[in-house]
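Shared chain: chain A. Partners: chain B in the first complex, chain C in the second.
Presenting the complex of A and B:
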């Protein structure tokens, strides 16, 4: 993935960006999909759409085809869908009406910064929908049209929506800076819902959703595959650390259900974070279980529709109830936590069968999670460290100079900022921060979130990832940073390509990978390598012997 | 083009009272009927807009968190940028409304070679704040044209506004500020190619209109004196619902009044409704306590889910072969 990107693009070419808008009026939609290859994603395959009972286009199409197989009454469907959503979402209604187009959001979007395309300014992205809203719902729009930014709904407008609303990663950075809190993520989510109603969706969303629906995880791995993978990792773990561990799967009566993004046990560098989880849970003797039915923390439904969020999210409580656990612990993932934090308790019935989460090790009651009964692993681990319940040797991470990438959703839809930093300060000696405009609530997206982490849109991913890449490069040059840590499975999947491109030499890892490296385990033989099998600092000769 | 259209519209709006003021019957229209109509449109329109927004529920609690969440006791959380309680939200909203908190964060991203650098950029915030507060002070100062005796706080504000005692009549600070701020906002929209690209009549026209109102007001106060007593008679008459149509007031006054009426009447149907909308913005007016307090969605409906039973039915054989626990053998 990363190598093909290098061949095709060069940083100096991508970074040659023209920020001056074209002279044509923006209301005329003109997307030349053929010329814009590398900037859009393939449409959803019919098999996945059908499996999910979603509207299927009349023909199979790629976005660069003329005919997108829309239903005859596509216009009705879209306008009716819009009306329905205006009645259901105050956010949408207010956001349609109150933007003053002050432009404060413009250069806050990673896609605008990296592409210079004026329709990637959050204000313009929203105008793509507002223009239709005005024409349909405002008198001024009906009479004055283009003069007040109103236009007719045409198939070209739909295609333009497809292009630009799949160039938004729902990161909410613009919303932090907007004086009225207008949230483009909300608008993008709702436009994607509208598009899906006429069969327009992208495959890197609907296929993972279909897989998650069927098998519990987005890669479509069946239960025995999940088991194999976890057990293989446990063997690997024993080889590296010399400690034999148990991996409880679908275990009824465990105290805690642990849910992580499935990439943690199927992909690199996520895998090392998994080994970190293993180390921690074993050392503290946590009575927990994995689930194969709810084997995906990452909810790809978030990128599709509110209905789909709920359809996938339902598994979490259902499985907690079936297994009879007391509370739920969630691993390192970004958008997974937007769902668990902002949507789950509203979408699902009250989980009266669960208890308010209480750390069995420290006795801390996680009162802030008393309704959902679900705690983030970083909160759990920070509490352990604070109470001195685990022994750590941060020098085992001395070969790393880590920096930390706040993932969009934990940062701007939750506020999980200090916990990971507290952990890192305790497990590493060389932690450095990227510039302040690029971290915490100001963090920049990896450029590949919200379902855009696929290959065919690599150019736009590299462009959108440029602000993050630039910040990584900064700490690489100034502080010798050599690993970018994050707590998001999409980050871990897509940042390696981004780093190879914008800051070659910087690796990508997880916070609990560092915890696993530093954690001194009872009865362990001398640790010579980290969880990646790389020699620890000062132990390199041993490796060579 | 939308700029030219807005300028043209403003000229028309100025021409109507300019020509009309000398036509018999027109002063009644301009001084009484139109102001009442404008206020009626404003009140009904404003209330309807708010009701229209409020009728749509807030299905999900989606605050944009701009600081540390409340989690563990020993971690200091951002009480106002990421409020956990009702009062935290009140402060967050107050900071937004009175100090434009979010706009204060504004930065400027610039590309240098392959690097992006960020600078502080508070001009928009400063101009926005200067404009809104000047407008408010001027609005309050105008109470003196509607009530007799003049309330104490109006005199007080007027006193401070003219504190520097420059010129005669004394220059009001806010008169200078509002023109400067509006000028900045207009020039910014005009000179920044991105903003020019995305602006349409609904952006240009209110700016020009308010600039027109401010300019005619300033002209009347400092340069072309009008019959203030008659003007005030009209104001107090309007407010007490016993309007008197003044005779022989300078047309400039009618232009000022007509532009104000235009602003009032268009307010509920324009982007100026951000005044009301900001209070209803779900990313700002909700506490980030989702995991602690359940938020209820009034239209929450059931969706098709994939149950564990269906899952086990499909995968029972492979699960059994892999020696995994089953609910049904």
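Presenting the complex of A and C:
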């Protein structure tokens, strides 16, 4: 087989020169939204925008409409917004000036790998903003324009931003490869902030944000609904395991406030992870509580704007204070961890009313969580296992051959690489890894994060998820992997689609679902099924009798 | 047929040309990337395209049933079904095999007067194309199915409780 270099320089191909200039220059934005259905998300509904006191477009628009109802002074708002942010964030200024277009990031984005659209290259996506920055804020750009990659801000540029910055999942895989450490996700975040200032947001972000702001969770479930769901799940748990458990809700004075993604108590396959939490907390006798007010782990504000992160984050700590807990334990959520580990200390004081988290079971002090007073459940459980505080029977997971997807935020933003693996090695016998360049810091995104996990952009999600899908398919074919585990609610919601398409037959689950299966609980009757109600290996006949 | 022997001799070049023609359907800036085929994880589109067109041509030249040869292209079609192509663009690449064969075997076909044999080969490629359309259609159906499944999973708890409610109503009726 000849290499790509040989292919490029074959004599007959050198002779075949295409003299026609490209039909369009990259600086000329032309997005035909109608023709590109399946690749963009619907705009934010007015009700949600109003609820959040956000700018509302003059007319209701869908991206394929011509008129997006922008305010008269939209240009002024965007340029002033950009200027303010350049003054405020030195990082943004550096990111605008420092890129040398080396191309190291170009082929690292799952959307580019899946689509081949050059504007999905992180460098090009960032150029969509840089070109405006050059024109407005650099002398060379003002004088030489297109020659130095500068262009005027037009409505079509805004529409192009809307199209491409909502084709970025802020996963930061590109940043791992950038020799200058440019965080392309932050460029995406800032452009999304600018767009929101003229009323251009997507609905799968603003409505979850509005719901979180109103009821505490992105689905808009009211307190009695949260309570009802958790109690229903507790009954279900008893039916499956034979163990009756209490689910403490809004319990004042509990030691720990537990916050999980709301999907854990509402969606599938998240639900089985919820049952896993129940099993663990009951068995170790943790003095904890759920909250019907801080009933969402995920901070959807991260996908919208810095201010919105702050507004939603404040609720968690207000609730911790109200309930009088000592510290906070967080469930299997993804982007909540980027907020806590990378942004929270920039927007609020250290919550001094809380204590540095200390495991009541092992006595381990989680010093690294001193600033946030919040510990990830994987750290907590890995510590329990390390100290031999829970009894496990990994053979109860023998019907699974799990592989592990490093969800972008816990992995890249938090460095949580070893703990989930340590847990899985203790609760499963058949754990297999996907290929090296697709896991840990190099993990491939699900293609649906950062607010893109909706259904109108399914084509885009599926092709963006293909690099992950290919790796799953590989372990399915070579190692008989049959479940893809992860620690992120968005992953759990969207990876089933990806697996159904690229690796049919592979299920999706959570790490604590496996913990719940393997955990030997005091006084339990013989376990015949897993938390999904599926017969354990060797118990199939008993089930069928 | 003599043409199969000639095709076999030029197989590597035909695959290369066929892949190049397919890759030319992507934006110019992405073509060099897709031409690399070494790592199926960092470049799944390029790797699948090269390995699957090769597998397809192997079966085609071994005169396996056309459905079997076309099945090799299933994943390339699946990929193209969710990329920014119209249905015709997504599946039409199969016909590029004709162009590759005509270009690379032009001299031999004229010298040995293999036009009738060429027509047979091209008719088989047409059948591959029809099978490709089936694959495309299945892939799009699957995508729509996935859309509705996802909605169902999102309201899992509501559905579960509804089912339980219905079950208990059934039980009441039974008793």
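Quick note on the criterion: the second predicted complex is superposed on the first by the 521 of 545 C-alpha atoms of A that agree within 3 Å, B and C clash if a C-alpha of one lies under 4 Å from a C-alpha of the other, contacts with A are read in each partner's own complex, and residues count from 1 in each chain.
The rule is simple: contacts are C-beta pairs under 8 Å (C-beta built on N, C-alpha and C of every residue); 3 or more make two chains touch, one makes a residue touch a chain.
Remember, it's a predicted structure, so these values are computed and weren't measured experimentally.
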State whether chain B and chain C clash or fit side by side on chain A once the two structures are superposed. clash
Identify which of chain B and chain C touches the larger number of residues of chain A. B
Pick one for A:104: touches chain B only (first), chain C only (second), both, or neither. first
With the two complexes superposed on chain A, say which partner A:251 touches: chain B (first), chain C (second), both, or neither. first
Touching A:118, do we find chain B (first), chain C (second), both, or neither? both
Touching A:507, do we find chain B (first), chain C (second), both, or neither? neither
Let me test your reading of the model: by the given contact rule, A:470 touches which partner, first (chain B), second (chain C), both or neither? both
Contacts for A:530 in the overlay, against chain B (first) and chain C (second): which applies, first, second, both or neither? neither
Looking at the overlay, what does A:182 touch: chain B (first), chain C (second), both, or neither? first
Tell me the contact category for A:435 with respect to chain B and chain C: first, second, both or neither. both
What is the contact status of A:491 with respect to chain B (first) and chain C (second): first, second, both, or neither? neither
Shared contact residues on chain A, chain B side and chain C side combined as an intersection? 22, 106-107, 113, 118, 121, 435, 437-438, 466-467, 470-471, 474
Of all residues in chain A, which touch chain B in the complex? 11-12, 15, 17, 19-22, 26, 53, 86-95, 97-104, 106-108, 113, 118, 121, 123-124, 127, 138-140, 144, 146-149, 172, 175-183, 186, 213-216, 222-224, 227-228, 249-252, 292-293, 306-307, 310-311, 314-315, 318-319, 322, 340-343, 345-347, 350, 364, 366-372, 374, 379, 382-383, 386, 411-419, 422, 435, 437-438, 440-442, 466-467, 470-471, 473-474, 502
Listed in rising order, the residues of chain C that touch chain A in the complex are 12, 16, 20, 26-30, 32-37, 39-45, 48, 78-79, 82-84, 142-143, 145-147, 149-151, 153-158, 161
Interface with chain C, chain A side, in the complex: residues 1-2, 4, 7-8, 22, 36, 38-39, 106-107, 112-118, 121, 229, 232-233, 263, 265-269, 271, 435, 437-438, 455, 458-460, 462-463, 466-467, 470-471, 474, 493-494, 496-497, 500-501
Spell out the part of chain B that touches chain A in their complex, as residue ranges. 1-2, 5, 49, 52-62, 64-72, 74-78, 81-82, 84, 96, 100, 102-103, 105-109, 111, 113-116, 118, 124, 128, 192-203, 269, 271, 273-274, 277-278, 280-284, 288-297, 299-300, 303-308, 311-312, 314-315, 318-319, 321-322, 324-325, 327
